[in-house]
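Note that the chains take the letters A, B, C and D in the order they are written out, and that residue 1 is the start of every chain.
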Amino acid sequence: MDSEASIHDLKTYVRDFVTKRNWLKYHNPKDLAEAICIEAAELLQVFQWATAEEASSWKNVPSKMGRIREELADVFIYCLSMANVLEIDVSEAILQKLSKNEVKYPVNKYFGRARLE
Amino acid sequence: MDSEASIHDLKTYVRDFVTKRNWLKYHNPKDLAEAICIEAAELLQVFQWATAEEASSWKNVPSKMGRIREELADVFIYCLSMANVLEIDVSEAILQKLSKNEVKYPVNKYFGRARLE
Amino acid sequence: MDSEASIHDLKTYVRDFVTKRNWLKYHNPKDLAEAICIEAAELLQVFQWATAEEASSWKNVPSKMGRIREELADVFIYCLSMANVLEIDVSEAILQKLSKNEVKYPVNKYFGRARLE
Amino acid sequence: MDSEASIHDLKTYVRDFVTKRNWLKYHNPKDLAEAICIEAAELLQVFQWATAEEASSWKNVPSKMGRIREELADVFIYCLSMANVLEIDVSEAILQKLSKNEVKYPVNKYFGRARLE
(Lines give C-alpha, C1' and ligand atoms only; values in the text may rest on other atoms or scores of the structure.)
Protein backbone atom coordinates (compact mmCIF):
# COMPACT_ATOMS: atom_id res chain seq x y z
CA MET A 1 0.00 0.00 0.00
CA ASP A 2 2.89 2.40 0.73
CA SER A 3 3.50 2.62 -3.01
CA GLU A 4 0.05 4.04 -3.63
CA ALA A 5 -1.07 5.97 -0.56
CA SER A 6 -0.06 9.62 -0.54
CA ILE A 7 0.45 11.58 2.67
CA HIS A 8 -2.55 13.61 1.57
CA ASP A 9 -4.69 10.45 1.61
CA LEU A 10 -3.50 9.45 5.07
CA LYS A 11 -4.07 12.96 6.43
CA THR A 12 -7.63 12.74 5.12
CA TYR A 13 -8.34 9.41 6.81
CA VAL A 14 -7.02 10.77 10.11
CA ARG A 15 -8.95 14.03 9.81
CA ASP A 16 -12.19 12.16 9.08
CA PHE A 17 -11.76 9.97 12.14
CA VAL A 18 -11.30 13.05 14.32
CA THR A 19 -14.08 15.23 12.91
CA LYS A 20 -16.61 12.39 13.03
CA ARG A 21 -16.09 12.27 16.81
CA ASN A 22 -16.06 16.05 17.21
CA TRP A 23 -12.60 15.76 18.74
CA LEU A 24 -11.04 18.70 16.95
CA LYS A 25 -11.51 20.79 20.08
CA TYR A 26 -8.91 18.61 21.83
CA HIS A 27 -6.44 19.01 18.99
CA ASN A 28 -4.56 22.15 19.87
CA PRO A 29 -0.91 21.76 18.83
CA LYS A 30 0.45 21.65 22.40
CA ASP A 31 -1.79 18.73 23.36
CA LEU A 32 -0.94 16.95 20.12
CA ALA A 33 2.77 17.34 20.89
CA GLU A 34 2.06 15.73 24.27
CA ALA A 35 0.18 12.90 22.56
CA ILE A 36 3.09 12.26 20.18
CA CYS A 37 5.45 12.06 23.19
CA ILE A 38 3.16 9.68 25.04
CA GLU A 39 2.78 7.34 22.05
CA ALA A 40 6.52 7.47 21.33
CA ALA A 41 7.15 6.30 24.91
CA GLU A 42 4.64 3.47 24.48
CA LEU A 43 6.56 2.39 21.39
CA LEU A 44 9.81 2.52 23.36
CA GLN A 45 8.18 0.45 26.10
CA VAL A 46 7.89 -2.51 23.72
CA PHE A 47 11.71 -2.59 23.72
CA GLN A 48 12.15 -2.00 27.47
CA TRP A 49 14.77 -4.24 29.13
CA ALA A 50 15.42 -6.05 25.83
CA THR A 51 18.94 -5.90 24.45
CA ALA A 52 19.57 -4.24 21.09
CA GLU A 53 20.42 -7.69 19.73
CA GLU A 54 17.11 -9.18 20.89
CA ALA A 55 15.21 -6.24 19.38
CA SER A 56 16.96 -6.74 16.05
CA SER A 57 15.67 -10.30 15.85
CA TRP A 58 12.02 -9.36 16.37
CA LYS A 59 11.36 -8.84 12.66
CA ASN A 60 10.47 -12.51 12.71
CA VAL A 61 8.44 -12.51 15.94
CA PRO A 62 4.79 -11.81 15.04
CA SER A 63 3.69 -10.98 18.61
CA LYS A 64 6.35 -8.29 18.95
CA MET A 65 5.79 -6.98 15.40
CA GLY A 66 2.06 -6.66 16.06
CA ARG A 67 2.66 -4.39 19.04
CA ILE A 68 5.35 -2.37 17.25
CA ARG A 69 3.13 -1.78 14.20
CA GLU A 70 0.29 -0.54 16.41
CA GLU A 71 2.40 1.78 18.52
CA LEU A 72 4.24 3.12 15.47
CA ALA A 73 0.89 3.73 13.78
CA ASP A 74 -0.23 5.74 16.83
CA VAL A 75 2.81 8.00 16.57
CA PHE A 76 2.13 8.52 12.84
CA ILE A 77 -1.57 9.23 13.45
CA TYR A 78 -0.89 12.03 15.95
CA CYS A 79 1.88 13.44 13.75
CA LEU A 80 -0.57 13.56 10.83
CA SER A 81 -3.13 15.23 13.13
CA MET A 82 -0.62 17.93 14.00
CA ALA A 83 0.11 18.42 10.30
CA ASN A 84 -3.64 18.71 9.69
CA VAL A 85 -4.19 21.27 12.43
CA LEU A 86 -1.18 23.42 11.51
CA GLU A 87 -1.54 22.89 7.74
CA ILE A 88 1.96 21.52 7.38
CA ASP A 89 2.98 19.84 4.11
CA VAL A 90 4.70 16.79 5.59
CA SER A 91 6.49 15.64 2.43
CA GLU A 92 7.97 19.10 1.91
CA ALA A 93 8.98 19.38 5.58
CA ILE A 94 10.73 15.99 5.44
CA LEU A 95 12.59 16.78 2.20
CA GLN A 96 13.69 20.18 3.50
CA LYS A 97 14.94 18.63 6.75
CA LEU A 98 16.84 15.95 4.82
CA SER A 99 18.46 18.68 2.67
CA LYS A 100 19.48 20.57 5.80
CA ASN A 101 20.91 17.37 7.27
CA GLU A 102 22.83 16.74 4.03
CA VAL A 103 24.74 19.96 4.77
CA LYS A 104 25.05 19.33 8.51
CA TYR A 105 26.32 15.77 8.11
CA PRO A 106 28.58 15.70 5.02
CA VAL A 107 29.17 12.12 3.89
CA ASN A 108 32.96 12.36 3.95
CA LYS A 109 33.05 13.44 7.61
CA TYR A 110 30.23 11.31 9.00
CA PHE A 111 30.64 8.11 7.02
CA GLY A 112 30.19 5.31 9.52
CA ARG A 113 29.88 7.50 12.58
CA ALA A 114 26.93 9.36 14.07
CA ARG A 115 29.10 11.87 15.91
CA LEU A 116 32.47 13.53 15.61
CA GLU A 117 34.20 13.22 18.96
CA MET B 1 3.55 17.90 -2.43
CA ASP B 2 1.56 15.78 0.03
CA SER B 3 -0.86 15.02 -2.80
CA GLU B 4 1.86 13.37 -4.87
CA ALA B 5 4.47 11.88 -2.51
CA SER B 6 3.75 8.32 -1.48
CA ILE B 7 5.00 6.88 1.79
CA HIS B 8 7.13 4.60 -0.36
CA ASP B 9 8.85 7.63 -1.88
CA LEU B 10 9.54 9.18 1.52
CA LYS B 11 10.87 5.89 2.89
CA THR B 12 13.27 5.75 -0.06
CA TYR B 13 14.59 9.28 0.53
CA VAL B 14 15.18 8.47 4.20
CA ARG B 15 16.83 5.13 3.45
CA ASP B 16 19.17 6.73 0.91
CA PHE B 17 20.25 9.36 3.41
CA VAL B 18 21.08 6.66 5.95
CA THR B 19 22.86 4.19 3.66
CA LYS B 20 24.99 6.92 2.05
CA ARG B 21 26.45 7.61 5.51
CA ASN B 22 26.78 3.93 6.42
CA TRP B 23 24.54 4.58 9.44
CA LEU B 24 22.43 1.47 9.14
CA LYS B 25 24.51 -0.17 11.87
CA TYR B 26 23.07 2.36 14.36
CA HIS B 27 19.50 1.66 13.25
CA ASN B 28 18.47 -1.24 15.40
CA PRO B 29 14.80 -0.87 16.33
CA LYS B 30 15.43 -0.16 20.02
CA ASP B 31 17.73 2.75 19.28
CA LEU B 32 15.27 4.08 16.69
CA ALA B 33 12.49 3.96 19.28
CA GLU B 34 14.74 6.02 21.56
CA ALA B 35 15.39 8.48 18.73
CA ILE B 36 11.64 8.89 18.09
CA CYS B 37 11.12 9.62 21.82
CA ILE B 38 13.94 12.16 21.88
CA GLU B 39 12.66 14.00 18.81
CA ALA B 40 9.08 13.93 20.12
CA ALA B 41 10.30 15.63 23.30
CA GLU B 42 12.14 18.27 21.25
CA LEU B 43 8.86 18.96 19.44
CA LEU B 44 7.08 19.25 22.79
CA GLN B 45 9.78 21.64 23.98
CA VAL B 46 8.70 24.19 21.36
CA PHE B 47 5.42 24.43 23.28
CA GLN B 48 6.97 24.42 26.78
CA TRP B 49 5.46 26.98 29.20
CA ALA B 50 3.16 28.31 26.46
CA THR B 51 -0.57 28.10 27.09
CA ALA B 52 -2.75 25.99 24.80
CA GLU B 53 -4.31 29.24 23.56
CA GLU B 54 -0.94 30.75 22.67
CA ALA B 55 0.06 27.54 20.86
CA SER B 56 -3.15 27.62 18.83
CA SER B 57 -2.28 31.06 17.48
CA TRP B 58 1.17 30.06 16.22
CA LYS B 59 -0.13 28.97 12.81
CA ASN B 60 0.52 32.58 11.86
CA VAL B 61 3.90 32.97 13.58
CA PRO B 62 6.59 31.98 11.05
CA SER B 63 9.40 31.64 13.64
CA LYS B 64 7.37 29.14 15.68
CA MET B 65 6.12 27.31 12.59
CA GLY B 66 9.70 26.95 11.29
CA ARG B 67 10.76 25.15 14.48
CA ILE B 68 7.63 23.01 14.61
CA ARG B 69 8.02 21.89 10.98
CA GLU B 70 11.63 20.87 11.60
CA GLU B 71 10.97 18.97 14.81
CA LEU B 72 7.90 17.27 13.36
CA ALA B 73 9.96 16.28 10.29
CA ASP B 74 12.54 14.71 12.62
CA VAL B 75 9.88 12.56 14.27
CA PHE B 76 8.60 11.46 10.83
CA ILE B 77 12.11 10.71 9.59
CA TYR B 78 12.91 8.34 12.46
CA CYS B 79 9.46 6.72 12.21
CA LEU B 80 10.11 6.08 8.51
CA SER B 81 13.54 4.65 9.41
CA MET B 82 11.92 2.22 11.82
CA ALA B 83 9.44 1.22 9.11
CA ASN B 84 12.37 0.70 6.73
CA VAL B 85 14.33 -1.46 9.15
CA LEU B 86 11.36 -3.59 10.22
CA GLU B 87 9.75 -3.63 6.75
CA ILE B 88 6.48 -2.18 8.03
CA ASP B 89 3.89 -0.97 5.52
CA VAL B 90 3.04 2.34 7.20
CA SER B 91 -0.16 3.06 5.24
CA GLU B 92 -1.54 -0.36 6.06
CA ALA B 93 -0.54 -0.07 9.74
CA ILE B 94 -2.26 3.34 10.00
CA LEU B 95 -5.48 2.16 8.32
CA GLN B 96 -5.62 -0.97 10.48
CA LYS B 97 -5.11 1.09 13.64
CA LEU B 98 -7.84 3.53 12.58
CA SER B 99 -10.20 0.59 11.98
CA LYS B 100 -9.42 -0.79 15.42
CA ASN B 101 -10.04 2.65 16.93
CA GLU B 102 -13.36 2.87 15.05
CA VAL B 103 -14.49 -0.11 17.12
CA LYS B 104 -12.88 1.06 20.37
CA TYR B 105 -14.34 4.57 20.13
CA PRO B 106 -17.85 4.29 18.64
CA VAL B 107 -19.08 7.68 17.46
CA ASN B 108 -22.31 7.58 19.46
CA LYS B 109 -20.49 7.06 22.77
CA TYR B 110 -17.45 9.25 22.22
CA PHE B 111 -18.93 12.15 20.26
CA GLY B 112 -17.39 15.27 21.77
CA ARG B 113 -15.48 13.53 24.52
CA ALA B 114 -12.11 11.81 24.57
CA ARG B 115 -12.92 9.68 27.60
CA LEU B 116 -15.91 8.12 29.30
CA GLU B 117 -15.74 8.97 32.98
CA MET C 1 8.11 11.75 56.20
CA ASP C 2 9.94 14.08 53.80
CA SER C 3 11.36 15.89 56.84
CA GLU C 4 13.10 12.75 58.06
CA ALA C 5 13.97 10.57 55.06
CA SER C 6 17.35 11.31 53.51
CA ILE C 7 18.10 10.63 49.86
CA HIS C 8 20.55 8.04 51.15
CA ASP C 9 17.70 6.18 52.89
CA LEU C 10 15.53 6.22 49.76
CA LYS C 11 18.42 5.02 47.59
CA THR C 12 18.86 2.11 50.00
CA TYR C 13 15.20 1.08 49.84
CA VAL C 14 15.31 1.15 46.03
CA ARG C 15 18.61 -0.77 45.86
CA ASP C 16 17.28 -3.45 48.21
CA PHE C 17 14.16 -3.94 46.08
CA VAL C 18 16.32 -4.40 42.97
CA THR C 19 19.00 -6.67 44.42
CA LYS C 20 16.43 -8.95 46.12
CA ARG C 21 15.05 -9.71 42.63
CA ASN C 22 18.47 -10.02 41.02
CA TRP C 23 17.48 -7.25 38.61
CA LEU C 24 20.76 -5.36 38.71
CA LYS C 25 21.70 -6.97 35.39
CA TYR C 26 18.92 -4.97 33.71
CA HIS C 27 20.09 -1.71 35.26
CA ASN C 28 22.63 -0.43 32.84
CA PRO C 29 22.41 3.36 32.64
CA LYS C 30 21.02 3.48 29.09
CA ASP C 31 18.11 1.20 29.96
CA LEU C 32 17.45 3.19 33.13
CA ALA C 33 17.33 6.41 31.09
CA GLU C 34 14.73 4.71 28.87
CA ALA C 35 12.75 3.66 31.95
CA ILE C 36 12.76 7.24 33.30
CA CYS C 37 11.43 8.47 29.92
CA ILE C 38 8.71 5.84 29.85
CA GLU C 39 7.54 6.59 33.39
CA ALA C 40 7.67 10.34 32.74
CA ALA C 41 5.35 9.82 29.76
CA GLU C 42 2.97 7.76 31.92
CA LEU C 43 2.87 10.66 34.37
CA LEU C 44 2.13 13.06 31.49
CA GLN C 45 -0.62 10.73 30.30
CA VAL C 46 -2.61 11.42 33.50
CA PHE C 47 -2.91 15.02 32.26
CA GLN C 48 -3.63 14.14 28.60
CA TRP C 49 -6.45 16.19 27.01
CA ALA C 50 -7.09 18.00 30.31
CA THR C 51 -6.71 21.77 30.30
CA ALA C 52 -4.08 23.37 32.51
CA GLU C 53 -6.90 24.84 34.58
CA GLU C 54 -8.50 21.44 35.14
CA ALA C 55 -5.13 19.96 36.13
CA SER C 56 -4.60 22.75 38.65
CA SER C 57 -7.81 21.80 40.45
CA TRP C 58 -6.86 18.13 40.88
CA LYS C 59 -5.10 18.73 44.21
CA ASN C 60 -8.54 18.08 45.69
CA VAL C 61 -9.48 15.10 43.50
CA PRO C 62 -8.29 11.92 45.28
CA SER C 63 -8.63 9.65 42.23
CA LYS C 64 -6.37 11.90 40.14
CA MET C 65 -3.93 12.47 43.00
CA GLY C 66 -3.63 8.71 43.57
CA ARG C 67 -2.50 8.16 39.97
CA ILE C 68 -0.18 11.17 40.00
CA ARG C 69 1.53 10.06 43.24
CA GLU C 70 2.13 6.58 41.82
CA GLU C 71 3.50 7.74 38.48
CA LEU C 72 5.66 10.41 40.10
CA ALA C 73 6.98 7.77 42.52
CA ASP C 74 7.94 5.59 39.53
CA VAL C 75 9.97 8.42 37.99
CA PHE C 76 11.74 8.99 41.33
CA ILE C 77 12.42 5.26 41.78
CA TYR C 78 14.19 4.92 38.43
CA CYS C 79 16.09 8.17 38.97
CA LEU C 80 17.31 6.82 42.31
CA SER C 81 18.28 3.56 40.59
CA MET C 82 20.38 5.49 38.08
CA ALA C 83 22.03 7.36 40.95
CA ASN C 84 22.72 4.02 42.65
CA VAL C 85 24.26 2.45 39.56
CA LEU C 86 26.40 5.46 38.64
CA GLU C 87 27.18 6.40 42.27
CA ILE C 88 25.80 9.91 41.89
CA ASP C 89 25.24 12.04 44.99
CA VAL C 90 21.78 13.35 44.13
CA SER C 91 21.65 16.15 46.71
CA GLU C 92 24.97 17.51 45.53
CA ALA C 93 23.96 17.23 41.85
CA ILE C 94 20.71 19.12 42.54
CA LEU C 95 22.42 21.91 44.52
CA GLN C 96 25.12 22.31 41.87
CA LYS C 97 22.51 22.51 39.10
CA LEU C 98 20.51 25.08 41.06
CA SER C 99 23.69 27.17 41.51
CA LYS C 100 24.38 26.98 37.79
CA ASN C 101 20.78 28.02 37.07
CA GLU C 102 21.15 30.95 39.51
CA VAL C 103 23.81 32.31 37.15
CA LYS C 104 21.97 31.41 33.95
CA TYR C 105 18.67 32.93 35.07
CA PRO C 106 19.50 36.09 37.07
CA VAL C 107 16.47 37.23 39.07
CA ASN C 108 16.45 40.77 37.68
CA LYS C 109 16.25 39.55 34.05
CA TYR C 110 13.94 36.56 34.47
CA PHE C 111 11.55 37.80 37.16
CA GLY C 112 8.12 36.70 36.02
CA ARG C 113 9.20 35.26 32.70
CA ALA C 114 10.61 31.88 31.74
CA ARG C 115 12.24 33.17 28.56
CA LEU C 116 13.72 36.35 27.16
CA GLU C 117 12.25 36.92 23.74
CA MET D 1 25.57 14.89 51.20
CA ASP D 2 22.87 12.31 50.41
CA SER D 3 23.24 11.00 53.97
CA GLU D 4 22.21 14.35 55.45
CA ALA D 5 19.87 16.10 53.01
CA SER D 6 16.20 15.28 53.51
CA ILE D 7 13.69 15.46 50.68
CA HIS D 8 12.11 18.31 52.65
CA ASP D 9 15.37 20.28 52.41
CA LEU D 10 15.67 19.70 48.65
CA LYS D 11 12.04 20.67 48.10
CA THR D 12 12.74 23.93 49.96
CA TYR D 13 15.78 24.76 47.81
CA VAL D 14 13.77 24.15 44.64
CA ARG D 15 10.77 26.14 45.89
CA ASP D 16 12.98 29.10 46.82
CA PHE D 17 14.57 29.14 43.36
CA VAL D 18 11.12 29.23 41.74
CA THR D 19 9.45 31.80 44.00
CA LYS D 20 12.42 34.19 43.81
CA ARG D 21 11.83 34.38 40.04
CA ASN D 22 8.05 34.59 40.34
CA TRP D 23 7.81 31.46 38.20
CA LEU D 24 5.10 29.74 40.23
CA LYS D 25 2.55 30.87 37.65
CA TYR D 26 4.17 28.55 35.10
CA HIS D 27 4.08 25.61 37.49
CA ASN D 28 0.71 24.07 36.90
CA PRO D 29 0.99 20.27 37.18
CA LYS D 30 0.38 19.60 33.47
CA ASP D 31 3.23 21.85 32.39
CA LEU D 32 5.48 20.33 35.05
CA ALA D 33 4.68 16.84 33.73
CA GLU D 34 5.73 18.10 30.27
CA ALA D 35 8.95 19.50 31.73
CA ILE D 36 9.76 16.16 33.42
CA CYS D 37 9.26 14.40 30.06
CA ILE D 38 11.45 16.88 28.22
CA GLU D 39 14.29 16.60 30.74
CA ALA D 40 14.00 12.80 30.81
CA ALA D 41 14.47 12.80 27.02
CA GLU D 42 17.52 15.05 27.35
CA LEU D 43 18.96 12.54 29.80
CA LEU D 44 18.24 9.73 27.34
CA GLN D 45 19.93 11.74 24.59
CA VAL D 46 23.27 11.45 26.40
CA PHE D 47 23.04 7.69 25.72
CA GLN D 48 21.77 8.01 22.12
CA TRP D 49 23.48 5.61 19.66
CA ALA D 50 25.78 4.29 22.39
CA THR D 51 25.60 0.59 23.13
CA ALA D 52 24.50 -0.58 26.58
CA GLU D 53 28.07 -1.83 27.10
CA GLU D 54 29.58 1.57 26.28
CA ALA D 55 27.11 3.29 28.61
CA SER D 56 28.05 0.93 31.43
CA SER D 57 31.68 2.00 31.19
CA TRP D 58 30.94 5.72 31.51
CA LYS D 59 31.14 5.70 35.31
CA ASN D 60 34.81 6.41 34.74
CA VAL D 61 34.39 9.00 31.95
CA PRO D 62 34.15 12.46 33.62
CA SER D 63 32.80 14.24 30.51
CA LYS D 64 29.89 11.80 30.22
CA MET D 65 29.26 11.75 33.97
CA GLY D 66 29.14 15.56 34.06
CA ARG D 67 26.34 15.61 31.49
CA ILE D 68 24.45 12.74 33.13
CA ARG D 69 24.58 14.38 36.58
CA GLU D 70 23.20 17.64 35.17
CA GLU D 71 20.38 16.06 33.20
CA LEU D 72 19.46 13.74 36.06
CA ALA D 73 19.43 16.76 38.41
CA ASP D 74 17.02 18.52 36.02
CA VAL D 75 14.60 15.57 36.16
CA PHE D 76 14.78 15.57 39.99
CA ILE D 77 14.27 19.35 40.17
CA TYR D 78 11.04 19.27 38.16
CA CYS D 79 9.81 16.20 40.06
CA LEU D 80 10.39 18.08 43.32
CA SER D 81 8.55 21.09 41.87
CA MET D 82 5.56 18.91 41.08
CA ALA D 83 5.66 17.53 44.64
CA ASN D 84 5.78 21.11 45.93
CA VAL D 85 2.84 22.28 43.86
CA LEU D 86 0.65 19.25 44.62
CA GLU D 87 1.87 18.88 48.22
CA ILE D 88 3.00 15.30 47.71
CA ASP D 89 5.13 13.62 50.37
CA VAL D 90 7.73 12.07 48.08
CA SER D 91 9.26 9.67 50.61
CA GLU D 92 5.86 8.29 51.49
CA ALA D 93 4.84 7.99 47.82
CA ILE D 94 8.06 6.10 47.03
CA LEU D 95 7.71 3.69 49.98
CA GLN D 96 4.06 3.01 49.16
CA LYS D 97 4.92 2.33 45.51
CA LEU D 98 7.73 -0.03 46.54
CA SER D 99 5.29 -1.89 48.84
CA LYS D 100 2.82 -2.22 45.99
CA ASN D 101 5.59 -3.49 43.72
CA GLU D 102 6.62 -6.02 46.41
CA VAL D 103 3.19 -7.61 45.94
CA LYS D 104 3.13 -7.23 42.15
CA TYR D 105 6.59 -8.73 41.66
CA PRO D 106 7.03 -11.52 44.24
CA VAL D 107 10.68 -12.48 44.57
CA ASN D 108 10.13 -16.18 43.91
CA LYS D 109 8.43 -15.52 40.55
CA TYR D 110 10.50 -12.60 39.29
CA PHE D 111 13.97 -13.53 40.55
CA GLY D 112 16.31 -12.75 37.69
CA ARG D 113 13.65 -11.76 35.19
CA ALA D 114 11.81 -8.51 34.62
CA ARG D 115 8.86 -10.17 32.90
CA LEU D 116 7.01 -13.46 32.91
CA GLU D 117 6.62 -14.57 29.33
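Everything that follows uses one rule, which is that contacts are C-beta pairs under 8 Å (C-beta built on N, C-alpha and C of every residue); 3 or more make two chains touch, one makes a residue touch a chain.
What you see is a predicted model, and the numbers here were worked out from it, not measured in a lab.
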{"item": "Interface copy of A-B among A-D, B-C or C-D, judged by whether over half of the contact pairs recur", "value": "C-D"}
{"item": "Chain pair showing more contacts of the two, B-D and C-D", "value": "C-D"}
{"item": "Intercentroid distance (Cα basis), chain D paired with chain B, Å", "value": "27"}
{"item": "Between chain C and chain D, centroid-to-centroid distance (C-alpha), Å", "value": "3"}
{"item": "Set of chain A residues in contact with two or more other chains", "value": "26, 31, 34, 37, 40-41, 44, 47, 49, 51-52, 114"}
{"item": "Chain D-facing residues of chain C, complex", "value": "1-11, 13-14, 17, 20-23, 25-26, 28-31, 33-34, 36-37, 40-41, 43-44, 46-47, 50-53, 55-56, 58-59, 65, 68-70, 72-77, 79-80, 82-83, 86-98, 100-102, 105, 107, 110-112, 114"}
{"item": "Of chain B, residues touching chain C in the complex", "value": "34, 37, 49, 51-52, 114-115"}
{"item": "Touching residues (chain side chain B, partner chain D) in the complex", "value": "26, 31, 34-35, 37-38, 40-42, 44-45, 47-49"}
